Amino acid sequence: MTVLSSGLSRRELAARIALDIPEGSVVNLGIGAPTLVADAIPEDVEVVLHTENGMLAMGPAPVPGHIDPDLINAGKQPVTERPGASYFHHADSFAMMRGGHLDICVLGAFQISEQGDLANWHTGAADAIPAVGGAMDLAIGAKSVWVMTDLLTRDGTPKLVTQCTYPLTGVGCVTRVYTNQAVFDIIPAGFAVRELFGTATIDALASATGLHLRDGRVVPLADRP
Amino acid sequence: MISKVCPSVAEAVAGIEDGATIMIGGFGRAGQPVELIDALLEQGARELVVINNNAGNGNTGLAALLAAGRVRKIICSFPRQSDSYVFDRLYRAGRIELELAPQGTLAERIRAAGAGIGAFFTPTGFGTPLAAGKEHRVIDGRDHVLEHPLHADYALVSGHLADRWGNVVYRKTARNFGPIMAAAAQSTVVQVDRVVELGAIDPETVVTAGIFVDRVVGVGERTWLREGAFVGAADAEGNPNPSAIESRDENR
Amino acid sequence: MTVLSSGLSRRELAARIALDIPEGSVVNLGIGAPTLVADAIPEDVEVVLHTENGMLAMGPAPVPGHIDPDLINAGKQPVTERPGASYFHHADSFAMMRGGHLDICVLGAFQISEQGDLANWHTGAADAIPAVGGAMDLAIGAKSVWVMTDLLTRDGTPKLVTQCTYPLTGVGCVTRVYTNQAVFDIIPAGFAVRELFGTATIDALASATGLHLRDGRVVPLADRP
Amino acid sequence: MISKVCPSVAEAVAGIEDGATIMIGGFGRAGQPVELIDALLEQGARELVVINNNAGNGNTGLAALLAAGRVRKIICSFPRQSDSYVFDRLYRAGRIELELAPQGTLAERIRAAGAGIGAFFTPTGFGTPLAAGKEHRVIDGRDHVLEHPLHADYALVSGHLADRWGNVVYRKTARNFGPIMAAAAQSTVVQVDRVVELGAIDPETVVTAGIFVDRVVGVGERTWLREGAFVGAADAEGNPNPSAIESRDENR
């Protein structure tokens, strides 16, 4: 059994994801780690960032002294406005999601199943306070739902699974998973390895996850961004 | 002459009954009608049902209302924020009821109430615990669940400017739930930085039309504005802070 | 049998209706004769006129040389904008109706039944081109649905009936009927005469319509504007 | 760089297939994308299904498309206008199919398509012939009928200004169906008086965000405007007419 290295850092993974976002896309980066993707998109590439709290063309964090408490992102952090921006109310913002108008969303995950089921809002623990936010709307709404996550939890449990054991966020919604070790597409047969990072091998990934993994590097896949 | 302008926040929240269902605008701090919430706290209504995206943060605004034991139940999408310790404590003590809705479903249910829609089928939440017990239907090959409108007795909303008819404009992402809550409540109270002359708001830019508004109250300009222009000098919570600097999120 | 005089003219009836509209009301005047009510509202009384094609605070027809083809009413006639006006799209405009936000609408009618059913969009004639516009939305949406009409058609047929024979616009929606001969409230027991015009008597109205009419002038009614 | 700007109306309507479902904005003449309709007439697509509030009036715009025999079916609320003789003739000759919807239901069905709602219950139309065959349900003691979204392959919309991302602002009641149709179609084409620089439209005032728009084309300023300001000198149909006077409605 091959031992996996630590793989890509979060910033490296964010940069890798940014490469796959075509210019002109409308993208929602959820909250947490996926928001790092924004910083990895080159200044001269026009990607339109959507934030669920009512804005398109969100810009980066403000420079010192320019925090505007009326201008925040879904994680409630101060942001800025790019030329071409627009504001709208919450029903219109989620109509953009539910109506299938977002090209890509990038979400974190607790678990992703072979069928593309996503669990990312609740561990199911009895004492946890449940909070869902916009996760379910994003999961069913964006044309492409990408997950950005570590392959394994801190205690070594795989996040890619045959069936989710945590409460679901969405059914069959994930199209691609970017992990620190590899990129996976979800195809009808299950997980297909699209790209390996560092020293990772398909055998090592299969061993670490206990999954049967297809080799998406040699069996050509339909392009499913 | 129509004038919905109230001379004080106390008069703006007068008459709110014990047991009322109250929509409170805002997403985190942005658009939260803090002055109206403070007035409601002072006013004393109890056993309230509150509809808000969150469940309060820090010790002010909605969190203060919760801390005072005035809220029986909260309907929201995201009660778990880094500083939502007031709600956490009440919830764990079994002293507040929670109804959780996906954020877009929450927004659409509020919109449906204002728009007179009896119920709607949405794909959001299908197959998740939040769809448990809800009617299911396959439409055009896709799974949907049936959701019902969320009505309220009152809406407390924070806008930027309003006129005496109750036409309101918002500012940036502070718009969030304000427009849909204003339409969904029996009685809507809007606090704004400044009440302007009728006709001063460009009719093309009105976001909440006066038809949805019952009371308007000016609460003075926010610390980060000067005559409507952004001047900075506030922290992310909106507190005056001349040296307020960057986002506290180290990840950015 | 008493013979009815011609009763009020349309302009007189419009003026009578205008008297019953409280300041501050949001009112939709449909198309056709009810739009005359607008001219009868005193300049200094603030009544907010809604037009279904996306405007509140509609003003009167423009002065010569000031026709703006982008600024029309539901009847597609040029209008003007009053201070306090706002514009919105069609879904928002009809949300105002369906959501119960309009205080009063005034509509024309082919028939009104004792139960408050309204027929005003289609004669049911086989060769008629059906066209409904916003009539059904107004009928079910406004808090008070008033009808402005002649008591009888040109050939003497009553418009107030026990049951509508024309296709319905809305069920049990009309609260008051203003005719050239009298004002009627619709109460659970049927039509109640609220006010008589000119030489009209309740007996003459009952005779002309064949209806059993209550006297709403002496039996005090709950105020049902 | 994102640019949705087309150099001509011909390119803006290129690729529209025979049999396509096309939403066309406008209420009467206001907001009717006349130049795009003319281009579609030139382009030649046939067997179209058209969704519009009306069924054309006079001889231009939508009426011309109908007169040319390009439209198989029309979905609208009010096909019977004083000058809708082109539609009248086709309808009576059995050469065009008509689906009638109450105006608010038409608007809400279009809105539902853009918002991803699978179906909705509305009180409008209950008990009338337009509810015949539709699912009925009593909700909160009130009768409702179930209505389904109206999707389209294309939307042709007329705005006032747009930028190269497709952010659009409208003018007065010409806004009408534009925003909801833009969101409901697979591909949305917007004609505007003028294409402006990115950033020139105040983000608070954008009505249709670029996310809903695929192509933008400038068609020149309307005869009643000069650099965006109203100057009059048009008749109610929008034709240049320096002596254009008052409303032709003698009742006003």
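In order of appearance the chains are A, B, C and D, and numbering begins at 1 in each one.
Keep this in mind: contacts are C-beta pairs under 8 Å (C-beta built on N, C-alpha and C of every residue); 3 or more make two chains touch, one makes a residue touch a chain.
If you want to know which protein each chain is, UniProt gives these names: A, C = 3-oxoacid CoA-transferase subunit B; B, D = 3-oxoacid CoA-transferase subunit A.
In this text the structure is predicted, and so the values were computed from the model without any measurement.
Chains that touch both subunit C and subunit D are the following: B. With respect to subunit C, maximal separation of chain centres occurs for A (centres as means of Cα atoms). Between subunit B and subunit D the centroid-to-centroid distance comes to 33 Å (mean Cα coordinates, whole Å). Separating the centre of subunit A from that of subunit D, both taken as means of CA atoms, is a distance of 37 Å.
The distance from the centre of subunit A to the centre of subunit C, each centre being the mean of the chain's C-alpha atoms, comes to 55 Å.
Along subunit D, residues 108, 111, 115-117, 122-123, 170-172, 203-204 each make contact with two or more other chains. Those residues of subunit A in touch with two or more other chains are numbered 81, 87-88, 91, 94-95, 97-98, 141. Contacts between chains form some other arrangement here, matching none of path, ring, star or all-to-all.
You'll find the chains touch as A-B, A-D, B-C, B-D, C-D. In the complex of the two chains, the subunit C residues touching subunit D come out as 33, 35-36, 39, 51-55, 60-73, 75-79, 81, 87-91, 93-95, 97-98, 117, 122, 127, 129-137, 140-141, 167-171.
The touching residues of subunit A, when paired with subunit D in their complex, are 23-24, 26, 46, 48, 50, 56-57, 81, 83-88, 91, 94-102, 141.
Taken in their complex, subunit B has these residues touching subunit D: 108, 112, 115-123, 137, 139-140, 142, 144, 148, 169-172, 202-205. Partner subunit C is touched in their complex by these residues of subunit B: 1-2, 111, 113-117, 163, 165, 167, 183, 198-199, 203-204, 206, 209-212. Across the interface of their complex, subunit C is touched by residues 27-31, 53, 77-81, 87-88, 91-92, 98, 100-105, 107-108, 110-111, 122-130, 143, 170-180, 207, 222, 224, 230, 232-238, 243-249, 251-252 of subunit D.
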